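Letters A, B, C and D mark the chains as written, and numbering starts fresh at 1 in each.
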Amino acid sequence: MTVTEHELEAQFERTVASEGRVEPRDWMPEGYRKTLIRQIAQHAHSEIIGMQPEGNWILRAPSLRRKAILLAKVQDEAGHGLYLYSATETLGVDRGELTEKLIDSKQKYSSIFNYPTLTFADIGVIGWLVDGAAIVNQVPLCRSSYGPYARAMVRICKEESFHQRQGYELLMTLMAGTDAQRAMVQDAVDRWWWPSLMMFGPADGDSPNTQQSMAWRIKRHTNDELRQRYVDMTVPQAEALGVTLPDPALRWNDDRQAHDFGDIDWDEFMQVVKGAGPCNAQRLANRRAAHEGGQWVRDAAAAYAVKHAAREVPAA
Amino acid sequence: RADLAAYCLMLADDALIAAQRLAGWTAKAPELEEDVALANIALDLLGQARVLLSRAGHLGAAEPFRAGPQDDEDVLTYFRDDRGFRNVTLVETDLGDFGRTIAWILVLSSWRLALMQRLTGSRDPVLAAVAGKAVKELAYHRDYAAQWTLRLGDGTELSHARMQAGLDDVWPFVEELFLPHDVERRLAEAGVAVDPAELRGEVDGVLEQVLPLATLTRPERAAVGLVGGRGGRDGVHTESLGTVLAVMQSLARAHPEATW
Amino acid sequence: MTVTEHELEAQFERTVASEGRVEPRDWMPEGYRKTLIRQIAQHAHSEIIGMQPEGNWILRAPSLRRKAILLAKVQDEAGHGLYLYSATETLGVDRGELTEKLIDSKQKYSSIFNYPTLTFADIGVIGWLVDGAAIVNQVPLCRSSYGPYARAMVRICKEESFHQRQGYELLMTLMAGTDAQRAMVQDAVDRWWWPSLMMFGPADGDSPNTQQSMAWRIKRHTNDELRQRYVDMTVPQAEALGVTLPDPALRWNDDRQAHDFGDIDWDEFMQVVKGAGPCNAQRLANRRAAHEGGQWVRDAAAAYAVKHAAREVPAA
Amino acid sequence: RADLAAYCLMLADDALIAAQRLAGWTAKAPELEEDVALANIALDLLGQARVLLSRAGHLGAAEPFRAGPQDDEDVLTYFRDDRGFRNVTLVETDLGDFGRTIAWILVLSSWRLALMQRLTGSRDPVLAAVAGKAVKELAYHRDYAAQWTLRLGDGTELSHARMQAGLDDVWPFVEELFLPHDVERRLAEAGVAVDPAELRGEVDGVLEQVLPLATLTRPERAAVGLVGGRGGRDGVHTESLGTVLAVMQSLARAHPEATW
């Protein structure tokens, strides 16, 4: 490392330590850049893959109001994907490259989207539990040390909160509905609760990169801290809703002033992460089909742009 | 009043079924921007459909289908059979690939925009208001489709072939857009509705402008025939609609007592 | 024409005139062969295209019994197609060639299949009216002068009668059902009645080939004779069923001892024949997609057969 | 009794959903002979499903779903939701192209044949009788699929690639076939049912014989995971089943008072 690089690194460290923002034009350590790219890409991929389980119910949404809400939500996810891929572009990688890595299983997305949506109540539960967990994960990232990511997160978190409220509102409606609707909600909660806890990642002891990411201010809390915060936030919401969270060990601990909860099935988690979840193959096959099936369209747009670059584009 | 209800249903069903078809693109578009844009068009059309269905419901159209506590718009959407839908058959056709989808949006939005522009002058204040809002939305849809028609038509050899094939496939359903139904004719005479026969010139004008620029040719395909003189506006549809509705209505019909 | 050909032709004429059977090995005039090929191919194509309107309801058949009946019926139609294409093979043309002509619109199929099936009652009405008309057309063909065609028709007519009874039985069930079911039947009858009359072809004055075909005993009655027979047969069935045939001019004529009926919309008929019916494009596009989509499979079977022609095929 | 009803449903639903999927090939097969053969397989499976559904109905399985005057087999087919279906998820998957369909039939019929062969010795006389008939049918299905596996695998380069891809796509659903459900285990101990874990050897044996002859390789694909330990036999399905049922049940549910 040259003297100048030492100086640059020292300045970077100062910026980060003083809660300043690193911008695309600033010098940054290669590890920081790589970690950020991986993290933001994974987040972007999650938005895109996350369109599928919800998209599964758009055509069958049982009221036009819910159809419009769901369609708009999935559209927002595509939009989030766009902001996030843009943020990675400021780090020197483009969307096409990342999409290739996604469909070749070289980059990951949130494992939660490898579970199927089996009833319309799943749409509500995804809003409540999955978006809820995402928000707990993401709110601290609005203060990420990397400027473009932090700014994207501010916008995304605002929309996610809106989605979460819509999901909860759907569940309230179903719980006030027929017996079949209430049963549907409980069943969905039973299936999604544990996977939502897994969204915070491995227990702290098994998460070796956390310390570095925290030092770089691209992660602000440990996995277990966030998981606990989520449980504590969600339990009263479940009570208000009138559903039972499927964990007999879940109870308030007066000493800790927090909820105790049961052991997560880390084997299931690892299976899903490794690609053997219920929907991994399907999600990737769909994404691949859309990407490869759209190649001719992207090629056409590129060819057209080249042809018409020199002259004015004629108005339609 | 029955005529006005039927007319609201026609305009509503066109938008509703078109939105349902477009929603089938979710998470399948060639680019994220297109995912966003197609969802946008679907949402606009869904919004138009909802206002018009509520209006039709207000005029009594939902009563024959009411089975539970649902709003009029949902009764009309989820508890009507295929034969009760009044949409033109174009909107129910399979969207096929992106080229065909673009051809479909181009034709549909050019036609609906021409219709809605005239409808802003309707004597019925609700229709005039719906049309006023729809005009802005449809102008965007048409522009979006025209831009893509140019890119695909004048893009690569492959995209040119697919865009032309998409246009060819859509073409047999175009003629029906300009066939006036008795209800439309009567209401048009009363200054409430638009006679669709009047729209042909404007739609042709758009296509005459866009297609040559896109290096595409106007298809020569026979129009789809009517069944004993009846088409979509009379509830005589293609075989596609039944399956579209089967999926769309499945959950609502499984729980006729429920609201969501 | 050589002397021998004169003799052959004379013998052919005698065979035909004496209600004998012409067999594949026998000499036959080129016109006879061509007319037969066209007629049998058109019949075969009709069976194959006819699978589509009925196939449209297999996945949605509202009881398992009806699903099994419908699936078996459509399967029989594939089987009829097979016999009939085999009959054309005895005349020196193969199935692949005829299929190409079908999808290139160089050969026709019965126009009736260019109408859509809009409700499940259409399935019953197709059995009753469409198969009914087919039987009236086809029973005389069991005595066709061409042996292979006559024998195929015997088998086909037997199955068609069975299908017709099943269709009628479905309609009886629906007429004994709910108001909605009865309305469905009447609506289907309203849509299919006129097209079923068109199945007998143009009025005799507009059917120039009839005389030659009758002389060759490959057609035994004129279009109008068969149409009248069909109307007379169907009217009492409609009464028994409790449906109204949509023709205000339909009434018994005591002088003729036959039913009078209204004018057929020959413009609509010509439109459909020319390819501008409600479903022509769809039917051909589907057939083309199946044929072209199956090319790789047929190629594989051919390649495998060549590879394994010399050695014994290993048992699976 | 509840166990026996549940077991009948499992075997019935496997056949019912498989038949529904196969019926989707109608008028789309690569050759007329294949149209006939696929319909045949579908009809055989439908027949097996009907007997087993009636049996389950006899044992009370239809009561919770009864809404109208339908027979038990139709109540269970048309008025159960997705979560009530007990089929393995393999049968509900999209059949894809002809290669994948053949792979699917090969696996499914090898497995079901091995199961039914053992079930002919069931202490339950009805199951034994159903199995006796099914064995003959399934032997034909397996043979049909094996013959086509050879032709496609050892046909052209393209057909080889598609057949292998079809097998690869089907593979993740194979593991579930051998996972015993508690009901199966209990009834197997009672000599009534077959423990599916026992079938692995026989199915593997078939594949070990056919795949090399067809120049295909046994796929190495991760099995589809369960959801909290639950799979198709527990009513936890893939997203495909919902749409299959939406279409299948649409008409029957639109007329809950009707019989057909």
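By definition in this document, contacts are C-beta pairs under 8 Å (C-beta built on N, C-alpha and C of every residue); 3 or more make two chains touch, one makes a residue touch a chain.
Small disclaimer: the values here were computed from a predicted structure and weren't measured.
**Student:** Mind listing the chains that sit against chain B and also against chain C?
**Tutor:** For chain B paired with chain C, the chains in contact with each are D, in label order.
**Student:** Hey, which pair has more contacts between C-betas, A-B or A-D?
**Tutor:** Contact tally favours A-B.
**Student:** Using Cα averages as centroids, what's the distance between chain C and chain D in whole Å?
**Tutor:** 35
**Student:** How many angstrom between the C-alpha centroids of chain D and chain B?
**Tutor:** Centre-to-centre distance between chain B and chain D: 40 Å.
**Student:** Could you say which residues in chain D touch two or more other chains, in rising order?
**Tutor:** Within chain D, residues 81, 243, 246-247, 250-251 contact more than one other chain.
**Student:** Two or more other chains in contact with one residue: find those residues in chain A.
**Tutor:** In chain A, 60 touch at least two other chains.
**Student:** Can you identify all of the chain pairs that touch?
**Tutor:** Chain-chain contacts present: A-B, A-D, B-C, B-D, C-D.
**Student:** Residue numbers of chain A touching chain D in their complex, please.
**Tutor:** 53, 56, 60, 114-119, 187, 190-191, 194, 265, 268, 271-272, 274-282, 285
**Student:** Sort out for me which residues of chain B touch chain A in the complex.
**Tutor:** By the definition above, chain B touches chain A via 16, 20, 23-24, 26-36, 39-40, 42-43, 46-47, 49-50, 53, 70-71, 73-74, 77-78, 97-98, 142-143, 146-147, 149-152, 154-156, 158-159, 162, 209-210, 213, 247-248, 250-252, 255, 257-260.
**Student:** Quick check on the complex: what are the chain C residues that touch chain D?
**Tutor:** Touch residues, chain C against chain D: 48, 51-52, 55, 58-68, 71-72, 74-75, 78-79, 81-82, 85, 95, 120, 170, 173-174, 177-178, 180-181, 286-287, 289-290, 293-304, 307-308, 313-314, 316.
**Student:** Show which residues of chain B lie in contact with chain C when the two form their complex.
**Tutor:** Of all residues in chain B, those touching chain C are 81-83, 172, 221-229, 236-239, 242-243, 246.
**Student:** What residues on chain B touch chain D, complex-wise?
**Tutor:** 81, 243, 245-247, 249-251, 253-254
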